[in-house]
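Chain IDs A, B, C and D follow the sequence of writing; residue 1 opens each chain.
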Amino acid sequence: MIDKEVQDMRSALAGIKDGSSVMIGGFGAVGQPNALIEGLGQLGVRNLTVIANNAGFEADIGLGKLIGTGAVGKIICSFPRGSSTFDQRYRKGEIELEVVPQGTLAERIRAAGAGIAGFYTPTAVGTKLAEGKEVREIGGKDHVLEYALHADVALIQAWTSDRWGNLTYRGSGRNFNPIMAMAAKLTIVQAGTVLPLGTIGPDDIITPGIFVNRVLCVPDGDPPLASTKDADNG
Amino acid sequence: MIDKEVQDMRSALAGIKDGSSVMIGGFGAVGQPNALIEGLGQLGVRNLTVIANNAGFEADIGLGKLIGTGAVGKIICSFPRGSSTFDQRYRKGEIELEVVPQGTLAERIRAAGAGIAGFYTPTAVGTKLAEGKEVREIGGKDHVLEYALHADVALIQAWTSDRWGNLTYRGSGRNFNPIMAMAAKLTIVQAGTVLPLGTIGPDDIITPGIFVNRVLCVPDGDPPLASTKDADNG
Amino acid sequence: MADKRMAGCKPFSKAEMAALVAADIPEGWHVNLGIGLPTLVADHLPMNREILLHSENGILGMGPVAQRESADPWIVNAGKQNVSLVRGASLFHHADSFAMIRGGHIDLCVLGAFEIAANGDLANWTTSSDDRSPAVGGAMDLATGARNVWVMTQHVTKSGEHKLVQQCRYPLTARKAVGRVYSDLAVIDITPNGFSVRAMAPGVTPALLQDLTGAPLQFP
Amino acid sequence: MADKRMAGCKPFSKAEMAALVAADIPEGWHVNLGIGLPTLVADHLPMNREILLHSENGILGMGPVAQRESADPWIVNAGKQNVSLVRGASLFHHADSFAMIRGGHIDLCVLGAFEIAANGDLANWTTSSDDRSPAVGGAMDLATGARNVWVMTQHVTKSGEHKLVQQCRYPLTARKAVGRVYSDLAVIDITPNGFSVRAMAPGVTPALLQDLTGAPLQFP
């Protein structure tokens, strides 16, 4: 019997080590695997490469906290603004940064999961984010060559799972999670509920279990309400 | 008010003309927009380029019938075997054929919808389907450069729609339909049912209406039962 | 802006700018509203037109920003505000969301800007004087992928410098991307011949507007 | 096969070949079974192991081919047969399905073959003598993308020609793709040193097997 559910954080995170590359799902407070990130911080591993949309927000939770501990040597993201822990370390030269346009980031992750080694995108042509990259005219329009972005580990937040790791997401919690689940060698899921196999209908499964290695049930409730005023963001 | 539902075949197919490129969804008998194909055949247009997985099966229905009328000048597909009408015309040199590996076909269609101009895939490296194409080593492995495959029109079969063109599919009827819906300038849907807006939940919509131009309600029932013996196929 | 030449002018308020943009959006368009000023457009969309709002984090069919008491904590927009969904809304993942953007399916994106050049070049993600970590978000994808890119901006900076220029000094977001600018002083199309004025705020004269613009204006 | 040398041999039947393949599939593998002979493997999967069958037209978790009276006309496999879904099955579109294949997520693909070379090259989609229109289907994607590619085949053609060869004469499906061959006469691994025999059918001798194989065999 296939049973991907693990019972504790230690089993969930086994194998992550110094220098691992780790994708972390989520956008804003929604779909962030906060419990797994907290557990990762407690492992004491160093020199991680983190791939995420942001560099965290609050200094005392999630990715912001992880960066504060000094565990992260490099971050690949689209919008590292709004994270005080990142800012501090970045100014001191303690963390390396690769900024990638959000859509290119998503497509590079999807490419890794889909076995596509590289692709030509019109995004960033003529900008400093395309400097040093191959540019090719295709169909009368310039495109930049971008490569697949793989990771050792993906930390995923899902709403429901079953023992095969079939996943659903809630609201806008889908975001980067389904594509990151495809792109890592080891995909670890924090799921709000683990349901009996067959409970999630074939049409309702967003991430088929083939992409999932481990599931930890973390019934940690709703994300905090976001600001209703406009954030500085991207 | 946005209302993409049209009331008759003439309105559904308006704008398709001699030389149009037409994607046709479906795999086997499932998810094939047979009514739209039938309507297309009655338009009397010629020299169509058809993009589909197969070249039809039976001579008296669907794509097989369309090819029989001589309306198709070229077909881009992965598996043109099993179609007597195609075979006859192909042997006589009356129809041009571009064979594409099924996964490359799907990815080229998806790339067109996603604004990706080209991509590097390991599929077909070292085979005659890669002859004349750029091969590049990426990550220690050879890859072939393949280009996005666009079309003027996509003919799609959906299970349900609403007036915005939000779509669901039934069973294995999804196949090429969602990606073709993204890849054409004009996407025309044959839907079993058109439901009131809001009836299809945000998580249940497979093709958001943004990809759909017209919806024709065709409550034409189930596809025929397939053979239970193994077909010669791909 | 303490420019004496502005005496007698009644620049568009932010709400007026948003209303001008909203009035120009045809029914049935799929629209992405950037962070900041563009977000205000949502409040001015004509009630009798169905216009679908897209958020790059995977939503098509956003409603207004949610009131705190009724907010669904599981649904945020690209600005991380809690939003509602309208009937007919759909949810999808980030790669699918940017497929919509890059693939040319979004009819309009409204963005803020540091600078807009007369050829449509856009600079809106970082300034050379910016010592914060560089952050681009979805701006490049949106400016490159949307069928129409409109900018909402003050006409000049707080210190009076031109934002509509002959050539951008700041790092580009996208080349030849912008089709129209809604500023507090005017609505200006970007044409093959450069900036072309469609409308001006009350009291603004062509001469004044040209003074406050770093590239030649057409007044067709 | 009317080969006198086969006297005393008991070649594996198709069902036995399928059973041999099935017995070698570990629990938890995601497996794509090609059209033809490989399809038979589904009938021999051990009941006490959960093995998920993938179909390239967008199914993970296929059950057996459906009986006509209970068949769901809306669900077909890659061979266009009506199939059932098991509990926990999922449905997806073609690009996602081939992302699974090309991305290396499918643990095993079992395919038929015209020829298999000692270096793992596979030819299974067209023959130079084939005057039908060329048709490739998903064979190249599967042979290239799956983590393990096993072939099920008769050891020689009906006319007695070698199918396990030093170098393929027919157009390739994929280079260095095949890891193991299940023939009616033997189970053979493909190693850096070429063909390596794991097992033989009753009565088959190393000498006979070598005679019927177009490249050197190792007998470890």
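Details
Everything below uses one rule, namely that a contact is a pair of C-beta atoms (placed from the backbone, for glycine too) under 8 Å apart; a residue touches a chain by one contact, two chains touch by 3 or more.
The model shown is predicted, which means the values in this text are computed figures rather than measured ones.
Looking at subunit A and subunit C, the chains in contact with each of them are B. Ranking all chains by how far their C-alpha centres lie from the centre of subunit D, first place goes to C. Rounded to a whole number, the gap between the C-alpha centres of subunit B and subunit C is 36 angstrom.
The mean-CA centres of subunit A and subunit B are about 33 angstrom from one another, to the nearest whole unit. Subunit B and subunit D, compared by their mean Cα positions, are separated by 29 Å. Multi-chain contact residues, meaning those touching two or more other chains, occur in subunit B at positions 107, 110, 114-116, 121-122, 203, 206. Multi-chain contact residues of subunit D (touching two or more other chains) are listed as 91-92, 95, 98, 101-102, 145. Interchain contacts give a graph that is no line, ring or star and is not complete, per the touch definition above. This structure has the following touching chain pairs: A-B, A-C, A-D, B-C, B-D. Interface residues of subunit C facing subunit B in the complex, by the touch rule stated above, are 27-28, 30, 50, 52, 54, 60-61, 85, 87-92, 95, 98-106, 145. Touching subunit C in their complex are the following residues of subunit B: 1-2, 110, 112-116, 162, 164, 166, 182, 197-198, 202-203, 205, 208-211. Those residues of subunit D lying in contact with subunit B across their complex are 35-36, 39, 55-59, 65-68, 71-82, 91-95, 97-98, 101-102, 125, 132-141, 144-145, 171-175. Across the interface of their complex, subunit C is touched by residues 27-30, 53, 55, 78-81, 86-87, 90, 97, 99-104, 106-107, 109-110, 121-129, 169-179, 206, 222-234 of subunit A. By the touch criterion stated above, subunit B contacts subunit A in their complex at residues 107, 111, 114-122, 136, 138-139, 141, 143, 147-148, 168, 203-204, 206.
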